[in-house]
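Per-chain numbering from 1; labels A, B, C, D and E assigned in written order.
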Amino acid sequence: MTSEVFNVYIAVLIATIFGFVLVGSALIGNLILSPRQKSPHKGVTYECGMLPIGRSRAQVHFRYYLFAILFLIFDIEAVFLFPWAVSFVELGEQAFYEMLVFIGILAFGLLYAWKKGVLNWR
Amino acid sequence: MTYEEALFYVIAAITVAGALGVVTARNVIHSALFLILALLGVAAVYVLLASEFLAIVQVLVYGGAVTILILFAMMLTRVRDIEGPLDGPQRPFAALAATVFLGTTVLAVTQTEWRGETDEATVVTIEQIGEALFSTWAMPFEIASLLLMVALIGAIVLARGEEGE
Amino acid sequence: MLGILKALKTTLQAALRKPVTVQYPLEKKELPHRSRGLPVLLWDFDVDEPFCTGCQVCARACPVDCITVTMKDNPKKAAGKSTRKKIVEHFYLDYARCMRCDICVEVCNFDAIVMNNTWEGVELATYDRQDLVLDADALLKQSRTGQLKDPFREPMGVAHSGWSPKVEDDEEAEETEASKEGGEG
Amino acid sequence: MATTDYTIPGEPDLETVDININVGPQHPATHGVFRMVLTVDGELVTDVDPVIGYMHRGNEKLPENCDYRQVIGYHDRTDYLAQFNTEQCFVEAVEKLTGIKPTERSEYIRVILVELNRIMSHLMFIGAFSTDVGIFGTSFMYAFRDREYVQDFFEEITGERMMYNYFRPGGLAWDVPDNFRERCKQVLGHINSGLKDLEGMIVDNEIVLARCRGLSRVSTKDAINWGLTGPLLRATGLEYDLRKAEPYSIYDRFEFEIPTGKDGDVYDRVIIRLEEMKQSVRIVEQALAGLPGGPIMAEGMKRTLRVPEGEVYMRVEGPRGEYGVYIVGTGTDKPYRHKVRGASFCNLSALRAMSIGNYLSDVIIILGSIDIVLCEVDR
Amino acid sequence: MFLLADNVWLDALLRMTIVAVLVPVGVILLTWVERKVIGRLQQRLGPMHVGPFGLLQGIADTIKLMTKEDVRPDSADRPTFELAVFVIVVPVFMAAVAIPFTADIFVRNMALGLFYFLAVSSLGIVGFVMAGWGSDNKYALLGGVRAGAQLISYEIPLILSAVAVAMLGQSLSLYTLVELQDNTPFIAYQPLAFVIFIIAGLAELYRQPFDIPVAESEVVGGPTVEYSGIRWSMFQMAEFVSLVLISALASLLFLGGWVWPFGADNATWLQVVLMVVKTSAFILFFMWMRVSVPRLRIDQLMALCWQILLPFAFLQIIINGLVLVYDWPSWTLTILSGAAAIAMGAIIYRVARRSGVLYQTSGAAEQVGLVL
């Protein structure tokens, strides 16, 4: 049984390596084939043909962080949903209502966010 | 199964390297990226332990969600490189905390009765997890939802405070 | 959702129609008779010399000053072959500057210049801008070789005085000339 | 590890700093070489600084050294999407100053061409605007497909696809070809079927509605104060069209409506332009029906046109709004002063006020909805 | 499951080699198909010059991209900038492991295939944020955070609609889920989940109308703006491969994969044909969608996700739970889910037509004290 799980993930390991190899070989191929001409203007970041004004790595808006938190919470909920989805029929009513309560509590959180206008971006 | 062991050492090395990178990187974004490496390494260790579900959860929650959260959090601040070691008056406390933590970890590692070969690790299917979660551990499960909701509301309250300023 | 479905329907309908693409270098649209390419000079086959007398009217009328002309005494007049006292000596036209306004054609008193309505000479892609400054020989080429079949030369506006009524003759001459040259070449 | 310090000396350490972004001159969404410097807080635009002048070619000054015929060519290049409209404006200005009466036939042909040109310009607008909204080139292709028919038609008449140089004080440069009527009807057919495509893509599309409705609302009063003209003004609900308000040429002979909006928002501006195309088709049909024969050039025109002393301001309803020409004649063959009022320039002046506080994506749409032609702005 | 070789390592290597060969070939072919399809939908011809009907256009493009100079901004954060490409492409490869193409053709039949696919494909998001931040370009930064926010948000409805399907099959193995659809595909039971899946899938592929991160008229290509040549083509490759994977997943989950309508034990060639037809139907639909609709705005996008798709995805799960726990007949599922789908469409329709969730007057100039 262990080996079965392990066998599956060998393919994942190899896929990972293949991904790296493919991208790497493309980049190396490019390195060999491409011309290289240094020019100070090439190194300037694109900003519609003008020199960039001020810094580029400014802070992102707080809004994005909030959505990341929302995502994290619902992601964790989804993690709980998966084992439930495959077993709730066998477990019967009780499991269903447990999940209903779980979803309900989180839905309340979503509703709160909604009411507070967090989902409205502005 | 020697190659499994070999694989373990490789993965462990990557994980540790990632973890070291987190604390040594001078740029916080680089630290966050090293953190992804370490977290994914842990996921790989879970696979070696035949805990498929846990590994995927690790990838989904830590590899995807937490990383993005951290990256966004980093990008909220003024990202810049930190030159030289961070120092401050709390240095002795940090040393104490680190020592205690190290001691606990060493104690835990040495005191645990290890199950033995990976071969013998019990494979828990997702159905079993579901069963356990919704019968034996139903109460903690519900409490987890409350915890999540509190986290959500907390974040919103904080954010609104931020916006109010 | 309905509006999006409508948009999907519209694109699907368009896909069922015939594409409108003309694959340019392989197939070329037929140019209308009046098509206004770049100016070219005409060749008078009767006396074997350009119509242009170098009078500089076009150079003065050109809004972008892309024409430079100089004039000289016509040697053929002295020989009694031509009625033109003066003839063009140098004629430079900068295609890069020309804005194809047709005014030079309109003002020319001798019908010496027309707008090119063939596909010849429309490619302006050169490696050097200097290559786009054409002299009299180059400007006369299309007329002399017969590439220019039927230029649009209607009386234009008030400024136009008489133009050579020998369109048919010119064309015949052009064609015979072209076939002659073709035979020789 | 890179050891760059991103802090800027003198800046407080923990304060959110807005980013300044150049949009233009080399940006896919700024039609032409228009540049605006946006100050962005996250996705919201807190300030807009329009920068113009990249296309300045002295189009007002140059004609002061040209005779009146040469100026027509420069007018083509002022608003390169509505060449006939600009030519008409200039030619009528000269006629007004000299007292020349253009012939009946040439007036009709002018109206037909001008209205077709208006359709062409609006097609261009719809195409470019829908690209701004994010339709992947589809409406753009449809609009250009139909524009091509009109351009072919114009090429058959004038010989040029864009810079026609066809109108002359007193009439036209030369007569239209014999199959003018049939070809014109063909073109109208293409336009009518093309308009259906464009309406299918844009009108009632939920995403277009969601994006454009209520965006950058302008009240009539504000619009007048800003000097907005054309579809931007009509979108606010004011029925103001120079063709009706101050009929020039022979516009008083045709029956057409002035489409107006309610909210003055981006959506209204788009719908109005779609509607105006239909009205233009109506005018062309009427003009085609009434097209008389006769000469195309007024009697007694001199070889060199000399304009008497005096000044004139002539304005016409261009696709973008009021296009005006101001000429001071001194009895010579060249204008002493030549001034152009570009509709885009005046409309663009409201950009800052219309965009501030909107999303970055919306500012692009608002800019698109103004329908600027940079050559007309910078001249 | 049969092995190509005795050794599991060798077997995995062989299978992945096939995938790794197919991916570039498929991507080259797909770019051609996409350009042709879009061309036709816009009444154009599309590429015509290289090869018959421009068939070799993709190869010509590849050669061009390969021999292009690799330009990197001097101010870019080099490790982040360079690694971003890997972080975007590798998860796509990892995700490909889980997708079975027919009963016999797959890399690995995973017991938790669906879960694994969703988890792994979420890793690529990090790559976009990295690319955006590492480029040291404002457009890239804006595009990067947009990509991050959009992709994480739509991950949730995507996962939830997949959970709804998993509930029907009581399994997370894609193989099992497909085998269960020999009579009726799940789309018949789950129209709502299907609609949510397609919308969320489109958003995950950041294609129109959800191409906000790469919006050309706004952020000029977003995170990819500073990437040139082969690096840029890696983004393109990742996009196309995930397009195929999401399409394949949609046909597996909702259209019965290789099973429906010919039953579970049809010939392998028929299975291949079925899967190719279904997958390409989705791909063509996505391309069709791409040319037909405008782009949403970021706040509308978020509102659509969190205020419409998410509640309805929960609704679908609850409907499924009720019907399955109380063992109601399966047609109730169809009716309830269908009704909910229609309700969702109606809500979107109404909301788009009035000022509301999707559409807000952005307080405009008054907010900054500028009175028009």
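Methods note: contacts are C-beta pairs under 8 Å (C-beta built on N, C-alpha and C of every residue); 3 or more make two chains touch, one makes a residue touch a chain.
This is a predicted model, so every value here is computed, not measured.
J.: For chain B and chain E, what is the smallest step count along a path of chains that touch one another?
T.: 1
J.: Could you tell me the least number of steps, going only between chains that touch, from chain A to chain C?
T.: Step count on the best path from chain A to chain C: 2.
J.: When contacts are scored as defined above, which chain pair ends up with more C-beta pairs, D-E or C-E?
T.: Per the contact counts, D-E leads.
J.: By mean C-alpha coordinates, which chain is most distant from chain C?
T.: The most distant chain relative to chain C turns out to be B.
J.: If I average the C-alpha coordinates per chain and also across every protein chain shown, which chain's average lies closest to the global one?
T.: E
J.: So, what's the distance in Å between the C-alpha centres of chain C and chain B?
T.: Here chain B and chain C have centroids separated by 77 Å.
J.: Measuring centre to centre with CA averages, how many angstrom lie between chain A and chain E?
T.: Distance between chain centres: 13 Å.
J.: Would you mind pulling out the distance in Å between where the CA atoms of chain C average out and where those of chain D do?
T.: Chain C and chain D have C-alpha centres separated by 31 Å.
J.: Where the centres are mean C-alpha positions, what is the separation of chain A from chain B, in Å?
T.: One centre to the other, that is 16 Å.
J.: Could you list which residues of chain C touch at least two other chains?
T.: 1-4, 7, 10-11, 14, 20
J.: If I count partner chains per residue in chain B, which residues reach a count of at least 2?
T.: In chain B, residues 27, 30, 52-53, 57, 60, 64-65, 68, 72, 75, 77-79, 126 touch at least two other chains, as defined above.
J.: Which residues does chain D have that touch at least 2 chains other than itself?
T.: As it turns out, chain D has residues touching two or more other chains at 2, 6, 19, 21, 27, 43-44, 138, 142, 145, 201, 205-209.
J.: Give every residue of chain E touching chain B within the complex, in rising order.
T.: On the chain E side, the touching residues are 77, 79-80, 83, 111-112, 115-116, 118-120, 122-123, 125-126, 129-130, 133, 145, 148, 152, 155, 172.
J.: Considering the complex alone, what residue numbers of chain B touch chain E?
T.: Contact set of chain B toward chain E: 27, 29-30, 33, 36, 52-53, 56-57, 59-60, 63-65, 67-68, 71-72, 75, 79, 125-126.
J.: Please give the residue numbers of chain E that touch chain A in the complex, ascending.
T.: Residue list for chain E touching chain A: 8-9, 12-13, 15-17, 19-20, 23-24, 65-76, 85-86, 89-94, 96-97, 107-112, 115, 133, 135-139, 141, 145, 148-149, 152-153, 155-156, 159-160, 163, 166-167, 170-172, 220, 225-226, 229-231, 233-234, 298-299, 302-303, 306-307, 310-311, 314, 317-318, 321-322, 324-325, 357, 360, 362-363.
J.: Name, in rising order, each residue of chain B that touches chain A in their complex.
T.: Checking each residue of chain B against chain A gives 4, 7, 47-48, 50, 52-53, 55, 57, 60-61, 64-66, 68-69, 72-73, 75-79, 118-121, 123, 126-127, 129-131, 133-135, 138, 141-142, 144-146, 148-149, 151-153, 155-156, 159-160, 162-163.
J.: Where on chain D does chain A make contact in their complex?
T.: Listed in rising order, the residues are 6, 8, 16-27, 30, 35, 37, 41-44.
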